[in-house]
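What follows is a pair of complexes built around subunit A, which joins subunit B in one and subunit C in the other.
The block that comes next holds the complex of A and B.
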């Protein structure tokens, strides 16, 4: 493999990895804090993509249009998420039944998908990039699509923002505290209800952001829901539930490996997430006794919280 | 466990009534409804499969479609390629699904509940991907047409096909009923309530979980195989997660953890889809609303609506009425 090919595939893989990470990060946030496995993550990703096609259709595929879409779409979806959380999920927290909460997110995914079909129909949509982002740059002989580079830069920025937000801001501190002990947090006078809504909104907004970034890369269709959700689930399980650093590592591994695998066989490459997950799970089981753990940003529910103990 | 005749009747009664009604249906209604009932039979089996895991064993599987699909494809492949008769092909399909469940389950049943949900979901997606990309085996997106003998051709002989499906389904349901009413069912519910306590009582928790996982896969595979009779062609979307989700909705609607719940729910959901389908094509929205309504308003499902919520009754329900 030449250096040029290597660099090109590496960058493509990084682009893929960040889109994966956003949805997985959203899942981890919602899981870590609210204890809900948000099945609607796939449909909000899809919603983000569809809304982007609408936004660009109205604003034009210019740099301005895209900048607006980049901010407006995730914010809009986040607002919808907050609304859903307040009206639907909030009433189930009392019952400590995470299955019911999961089912509510399942129902939400049906509603979102149904709404998309209602508004956009069943035909796929496409969206084009602003002129400045089309084409590619040549780096060390490698052809790097400009859009991929922009995706990676954005990915790095958002990832840094997530890390910074969780580790260095008061909101992040409260979020991490809520993972450990919601009751104590409310005893200390924090409005936990609002915190939960905010976290859910951010988690959903992140998923939508992934959808915005993926929109120009192919056809936007109802398939997006599943094609987003399965790799995201795999990233979350591979990285460890609630483990942000793990999710990033898993997303990078899967994205980059899949990108290189595409050189060999484009179809089989799509099985890369499964392969990586299997290897990691087996390795984890084998080394469980060694007690190693990776330091990093962990949103971990305590071991006593609703485990099956079985 | 309450072995009283009353409890048995409460548990299996609704299913028996529905089966009886189903048997009389061709004489009472047009073939449009017979075909609807045929699809309800299939949905009921997948829902029963889901409920075995979720309602009885406390294992939330979001991938019963994987075994349903395996059942469909294996049945057709055995008939087409091996020239085997339908019933034998169906048995083969059950064996294949059971094997797949045994292999995947060995890993899956040990995972924590959330991972189990996500990975069973991923299993279905994996199989759907495999089916789409193996055109030589499965025909890919063009589907795989079943070579059915004319006696089992739904276009030729709707009632014959219908009674074949009903007969097989009734036999399977009877088997499941015996299983859940016996000690095995009780042990599973014990595991669901408190796995640690069950383990200290000497229950081989992983083995039991794997066992019910395999059993549920077999039931789902029967559903898949029977569906071939009415659809006569198998597409990769037979692995679609919406089939797993429908099983969930049906079970929730009818009553989780009860024997008849999934069956009643499958009938209810089938009726809703049927009549809504006549009014509009927005089935996704309707199903989402139905699910939401059931979760928020009647989380114990239709079957439980008849039971009074007194403390004594609740104990019975928890102890043996499931």
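The block that comes next holds the complex of A and C.
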């Protein structure tokens, strides 16, 4: 393998990893705080991509158009997410009815997918990048698409923002507190319902952001739902449920390893996410802790802690 | 227990009699009563894989039925289309086909986008049902049963496609290193196998052979791997929306600048690309009205540019037309007589007049090839120029 190929494949893997992380981070946030496994995450990702095509069609594929779409689409989807949380999910927290939560999010995924077909039709859609992001840079002989570099930079910024938000802000403090003891937080005068709605909105918005970033890479079609959901679940499970640092590490591992595995065998490389998940789960089962899940930003308390808290 | 066994045996005998009696010419006339409609069961994958363009299949079929009926039907019988969702799954497709044959009493089937469904249904209609099945699938094994089969293919098979591509690559002997990129399902494997077989003895080496996941959203690692092999030429059988992903990611990675790219590029797909791969050599067998200026192509334009230039609507149109023309040629609605009339016949399609090969019921659809150019005075969207229509007769072995 030449240095140029190594660098090209590394960047391709990083680009893949960060798009994967956005959806997984959204899923992880919602699961970690609300305890809801959001089966609509793939549909949300797809919705973000489709809304991006509409936004760019209206605003134009200029730098300004894309900047507006980058913020407007996730915010719009987040608002829809908050509405869904208030109207459909809020009652299920008190009842701790996980089956009902599963059914609701599954139904939401079908609703979103059906609405997309009704509004956008069955044919795939495409969207172009601003001229400044087309083309590539040459680095040590490696051809690096400009858009991939931008995706990686955005990924790092959003990851930093998530970490900062959870670790260094009052909202983040309250979010982490809500995981441990929702009732106590409520007694202390915090509007936990509003906090949950905000968390769900942010989680959904992150998923939509992944859709915004994937839209210019290829065709936007109904296939996006499954291409996002399954890998996102794999990342969440591999990184540890509720563990944001673990999810980032898993996304990076899967993205980079899959990219390099493609050099060896393009078909077998598709098994990389499953292989990584299997190895990690087996290792986790063999030893109590791997160390990185304890050191990371952990949202979900253990089942033992939950039961002892009553 | 004994009663149960007798009951089961009786049920099986009755079912066999029902299936055997349906459509069998030996058990009596299969001619429709005067004025009765010719029912055509259409299998469309409305959910699941390829649901995106299955809606277009149905539109093309409905348009063809409407056209035939506006002209008085065929032999005094109007056509009636019955659409069923096969979910691109063989078990569902067979179940729907069986229900159409046994409950709705159809003698003509058409459709499906899935070779797996097509193969399963072909086996159902072969024996003992004797139902004509007009289908556009690429799996050549569906039509390997000889002239006795009741299935008729309306698109070039993967074998024909691969051999035609090999002929093009072999015509450029200066391209020593060839890379192949295909989709990771049966179609991709079959075209690649046919291509490789036809390339044997050419002196040109296949240095890379990759299968990308169908519906994938990131092909950059595959493109990097392909480029790292330094091929002189790349043959791609990545289709429709996956082609968009391949082109969008391939352009900045230099796929088209660093290699001589040759692949399947239908007009609806390259039209949808913000930046079509201008200068690249492409081919398509999709019945696009922009390529074929025939009466049937003009009919398709009523569906709008995007739908008409896609392959699905035109293929479905051809399937219905094949059935209608077969009945007219046979002067009968008996499927066995229609089969005999169609074998070796020339039928009118969107692509013009084409021959149905007697030995395997494959239709010699032409393949359109050319260099991709952007919108110009000829057409307001990306297309092939100059355009060459290649006859596929030579690839249809008998």
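Keep this in mind: the second predicted complex is superposed on the first by the 296 of 310 C-alpha atoms of A that agree within 3 Å, B and C clash if a C-alpha of one lies under 4 Å from a C-alpha of the other, contacts with A are read in each partner's own complex, and residues count from 1 in each chain.
Here, a residue touches a chain if its C-beta (ideal position, glycine included) is under 8 Å from a C-beta of that chain, and two chains touch if they have at least 3 such contacts.
Just so it is clear, the structure is predicted and the values come from calculations on it, not from any experiment.
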{"item": "Clash or fit, subunit B versus subunit C on superposed subunit A", "value": "clash"}
{"item": "Touched partner set for A:127, first subunit B, second subunit C, both or neither", "value": "second"}
{"item": "Subunit B versus subunit C as contact partner of A:226, first or second or both or neither", "value": "both"}
{"item": "Which superposed partner A:62 touches (first subunit B, second subunit C, both, neither)", "value": "neither"}
{"item": "Contacts of A:236 with subunit B and subunit C, given as first, second, both or neither", "value": "first"}
{"item": "Which of subunit B and subunit C A:270 touches, first, second, both or neither", "value": "both"}
{"item": "Touching partner for A:259 - first (subunit B), second (subunit C), both, neither", "value": "second"}
{"item": "Which of subunit B and subunit C A:281 touches, first, second, both or neither", "value": "first"}
{"item": "Contacts of A:113 with subunit B and subunit C, given as first, second, both or neither", "value": "first"}
{"item": "First (subunit B), second (subunit C), both or neither touched by A:104", "value": "first"}
{"item": "Clashing subunit C stretch [against subunit B; choices 109-117, 163-171 or 199-207]", "value": "109-117"}
{"item": "Subunit A positions touched by subunit B in one structure and by subunit C in the second", "value": "226, 267, 270"}
{"item": "Subunit A contact footprint on subunit B (complex, rising order)", "value": "54, 58, 60, 107, 112-115, 117-119, 121-122, 125-126, 129, 133, 191, 194-196, 198-199, 205, 209, 241, 245, 248, 252, 282-289, 291-292, 295-296, 299"}
{"item": "Complex contact set, residues of subunit A against subunit B", "value": "31, 37, 88, 91, 98-100, 102-104, 106-111, 113-115, 117-118, 226, 229-230, 233-234, 236-237, 241, 267, 270-271, 274, 281, 307-310"}
{"item": "Subunit C-touching residues of subunit A, taken from the complex the two chains share", "value": "1-2, 5, 8-9, 12-13, 15-16, 19, 61, 122-128, 134-136, 143, 145-148, 214, 216-219, 221-224, 226-228, 258-260, 262-263, 266-267, 269-270"}
{"item": "Subunit A-facing residues of subunit C, complex", "value": "51-56, 184, 210-213, 215-222, 224-225, 227-228, 240-242, 244-245, 248-249, 251-254, 272-275, 306-307, 310"}
